[in-house]
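In what comes next, chain A is part of two complexes: it sits with chain B in the first one and with chain C in the second one.
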Partner chain A sequence: MLRILFLKEYIKTRWFILAAALTLSGFSLYMMMNLYRIVNLKGAMHIWEVILQKDALFIDLIQWLPVIFGILLGLFQYVPEMHRKCLKLTLHLPVSYTKLGMLMVGYGVAALTGVFLLSFIILWTMMSRVLMPEMVSNILSHSLVWYLAGILSYLFTAWITIEPTWKRRLINIIVSVFMLKIFFISNVAGSYYAFMPILALYTIAASTLSILSISRFKTGVQD
Partner chain B sequence: MENIIECRNLTHYYGKRKIYEDLSFSVPKGRILGLLGKNGTGKTTTINILSGYLQPHSGECLIFGENITKMHPETRREIGLLIEGHVQYQFMNIEQIEKFYSAFYPKWKREAYYELMRRLQVAPGQSISRMSCGQRSQVALGLILAQDPELLVLDDFSLGLDPGYRRLFVDYLSEYAHSENKTIFLTSHIIQDMERLIDECIIMDYGRILTQQPVNDLLNNFRRYEGRVADGFSLSDKTDMYNPSIYKGEFEVYSFLPEKDVLANLDSQGVRECYSVNLGLEDAFIGLTGKY
Partner chain C sequence: MVKFSKLFFYLTVALIFIWQLPWCYSFFTAKASQKPFTLYSCVVDDFVMSGKDNTGKFCKTDLHGNLYTDHQFDSILPCFYSRQLLADDRFPETIKEIPVTYREVQSSLFTFRSTPYGINAPKLSIFPLLESMSGRVDLKMPDDVFRITNKAIEFVDAETNSVNIDKSAMFTDMLDTKGFRFPASYIAGNPTSKKEYDEGYLILDNDGKLFHLKQTKGRPYVRHIPLPDGIVLKYLYVTEFRDKNLIGLVTDTNNNFYALKSKSCELARIDIKGFDPETSAITIIGNMFDWTVRVTSASDDIYYAIDATDFSCITTYNVPSPDDSFADVLSALIPPVKIHFNDGNSKYVFPRIRLLQ
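Now for the complex of A and B:
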């Protein structure tokens, strides 16, 4: 059953996931090629100096991509369910609606994690060749905040899309924007160290939001 | 006889607008029951409550003895649901959708689905999004037949279908329900289709049920009476008379009362050349609910 439910989600999202993986990996490669070019021109010492003195991350170009991909994956996965209330078909399956909701969200989180992991591995492998391990760790741990924001944006999109009323949808959008803003307050490497567990908990808690919308959909709440 | 559906004292409002109050009805096993009503009388509301997608303001609905709002997910295996407009997963093709649903239903009858698909002469890889409404209706019907549920709940099954597809749908469904002793609860805005299919009907007006009875009883007992009347005529005794109207001196009224009694009553009130007319389901519906 798990396999077949995932198959449904896969059919809806496969091309998007492929495009997202290629784009994010492409951007990651592009940034690393840029880094290599500077190393070739000015030497690795110059890069280290810029990183230490100016708190440069060299991977800022991708900071918004996880959020954008999170939102798009949510739309690709849930808009077809809401089109002509197709979600009724899913919720009519002989499986509890909380389980169905969590499985759908689980698929999305797993798919996004895969896409982000690919980009993370590219950054880590290529950075490690020219930067000190501490610098790599600092920069990449900061990128984790962006990836986490990507997953959270996906969870919020699911929550917003399944919500049956426009009034509540608008409130959900406003809440989501403010919540996501927390992930982009600082762009200084290491600034989120202490805060990361809270952000992670926050994201885990958000995974149940779509169940709230499903429950409202089930009771037939209307504008 | 065992009731498959039992709705008790359903009351529902959209905002402050009352849809109906204290609506009660039941559907016995093996019956095909059609819910008829004008637009806005609450047919889709009733289907939504029955399929668990609307919490009624008060009252309860039991299917297979279980309250629909607390129904065990496994029980849904025995309920085939057709959503208005033959909605199905547009992102799947006809092979994928069969594979998807078959995983959830142990009694799945793959052949029943593919028999209908062969009629459509479509390739297994044909996407549902590229199908016409008529073709989609056959996919939806094929999936329900393959699921082989004990109860079918069909919301406006004729919506968007041309006469050929409507006839195909009705004939398939009728044959299936009668041969397998299935229970069907359905709505449609095309009453001629219902007449070919249903055993029993509920006719709703705004906020209430006008009648629930076997179609044959309704058609045998409910008649239209026509006659001529003078200018300024009005029916003084309207007991058990439905929707009397006069147009250019032609009078008509509907009633369940015995033909002899009605004719005598109308004659005594001044209706001349009065005679009764046997009705089809659509005329009976109009007779009970009025033209507007």
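Now for the complex of A and C:
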């Protein structure tokens, strides 16, 4: 049963996931080609100097993409459920709604993680050829904050989309915007170093929010 | 699970309230703070300032309330306004009865600034070591950078992204010979070619011993600088001021501030109190006679006039803090718990919780 449910989620989102993986990887490749171009034109030391003196990240272009893809995946996965009232049917299956909710969210998180991992590997392998390991880890550790924001934006989108009332949905949107803002306070590499574990724990806990919406949906809360 | 998610939701809403409410309040009640530009004048032996007075009128005055015209103000700060005085053909032949030339005065002028925002920041422990005796007027950035590991100093070539083994061995041997114990606990320098000369780096080794590292004609220059007993250094700054009298400025674990003289490599205590680089900002505007040192912390804003020869304190000026308005009092009380993630004194993003005292 769970395998079939997983397959249902896969059929709904497979083209989007492919498009997201291609786009994010494409952007990652583009940024790295740009880095290589500067190295060819001005020398590697120029890039190193800019990193050391100006805290440059060179991958700022992708900072919003994980959040955008997180939101889009949430919409692709849950809007059809709500629009075609599929969720109502799904909740009639002999599986607890908590388990169902966590499975759907778990699928989304796993898919997003795969997409982000692909981009991360491209950045890491290509960056390592021209930058020192310290610089690579400094830049990529900061990109983890953006990837984490992408996962949280997906979890928030699931929570907002499944929510049955517009009044509460609006509150959820406001809460989500403020919480995501925390991930973009600073663009200084290493600035989130101590905060990352707390943000990761918050993201894990946020995966339960969609259960709250499913529970309200199941009990028939309406505007 | 539902109970947990409900609790989690309410906690999130509470967090947003205690974070955003004070921010919104301070956003709408923010006032511009205009502090007058203040310097010590060795001519009138007092702090003088230019800025707006209580009525909002721009004026130039001293602590005794004497008003000055622009011309007079230039004259009582002959070092700081030396260019203006020279242009007006008013540059004095003597200052404090000491014969001076424009060139001497110009070469002694410097400004130095350190802020907690610059100190409390993530930093990469990678540094370019410039050639300090290239024979050229303009400095050039090297093609490599160094890191100090647990066992050695390693130079990494930028073009090949690999360790230059010969150069690394040469510098490691020299550091070993001079008694350096790896790894370094603090490294300070000004890694830029936009300066007049290069003094390399001041480094604290694993035992807290102070070393001066430079590259001269491709060879390592390492000097161990002995410290007086009982002094444990914490923060180092390489100054590279035009007059070359100092190698750097340093602080110790007791928040004492020292000048490191270049010829004798002696530490001379600068007579200011409680300068902690992690919490206080310091600005020094110096000339050949005196330094105006401003130390600003959350609670105090103090100006010190320091004698440039022996670093003793000539006089101080404690800037009175403005009276709190009703809006300030209210913002301190409501809400009783506050949280903020970024701070003007740090580049780190982290939840900082403040409870009402």
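By definition in this document, the second predicted complex is superposed on the first by the 222 of 223 C-alpha atoms of A that agree within 3 Å, B and C clash if a C-alpha of one lies under 4 Å from a C-alpha of the other, contacts with A are read in each partner's own complex, and residues count from 1 in each chain.
One rule holds in what follows: a contact is a pair of C-beta atoms (placed from the backbone, for glycine too) under 8 Å apart; a residue touches a chain by one contact, two chains touch by 3 or more.
Model, not experiment: these values are computed from the prediction.
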item: Overlay on chain A: chain C relative to chain B, clash or fit; value: fit
item: Which of chain B and chain C A:165 touches, first, second, both or neither; value: neither
item: Chain B versus chain C as contact partner of A:44, first or second or both or neither; value: second
item: Which of chain B and chain C A:92 touches, first, second, both or neither; value: first
item: Comparison of chain B and chain C by chain A residues contacted; value: C
item: Contacts of A:187 with chain B and chain C, given as first, second, both or neither; value: neither
item: Chain B versus chain C as contact partner of A:175, first or second or both or neither; value: second
item: Chain B versus chain C as contact partner of A:52, first or second or both or neither; value: second
item: Touching partner for A:8 - first (chain B), second (chain C), both, neither; value: first
item: Which of chain B and chain C A:113 touches, first, second, both or neither; value: neither
item: Shortest CA-CA distance between chain B and chain C [superposed frame, angstrom]; value: 14
item: Interface residues of chain A shared between complexes with chain B and chain C; value: none
item: Chain A-touching residues of chain C, taken from the complex the two chains share; value: 1-2, 4-6, 8-9, 12-13, 16, 19-20, 121-128, 141-145, 147, 156, 158-159, 161, 191-192, 341-342, 347-351
item: Chain A residues within the chain B interface of the complex; value: 1, 4, 7-8, 11-12, 80, 83-86, 88-89, 91-96, 217-220, 222
item: Touching residues on chain A, where the partner in the complex is chain C; value: 43-45, 48-49, 51-53, 98, 129-132, 134-135, 138, 171, 175, 178-179, 182, 185-186, 188-195, 198, 205-206, 208-209, 211-212, 215
item: Interfacial residue positions of chain B with respect to chain A in the complex; value: 14, 48, 51-55, 73-77, 79, 81, 83, 85, 87-92, 96, 99-100, 103-105
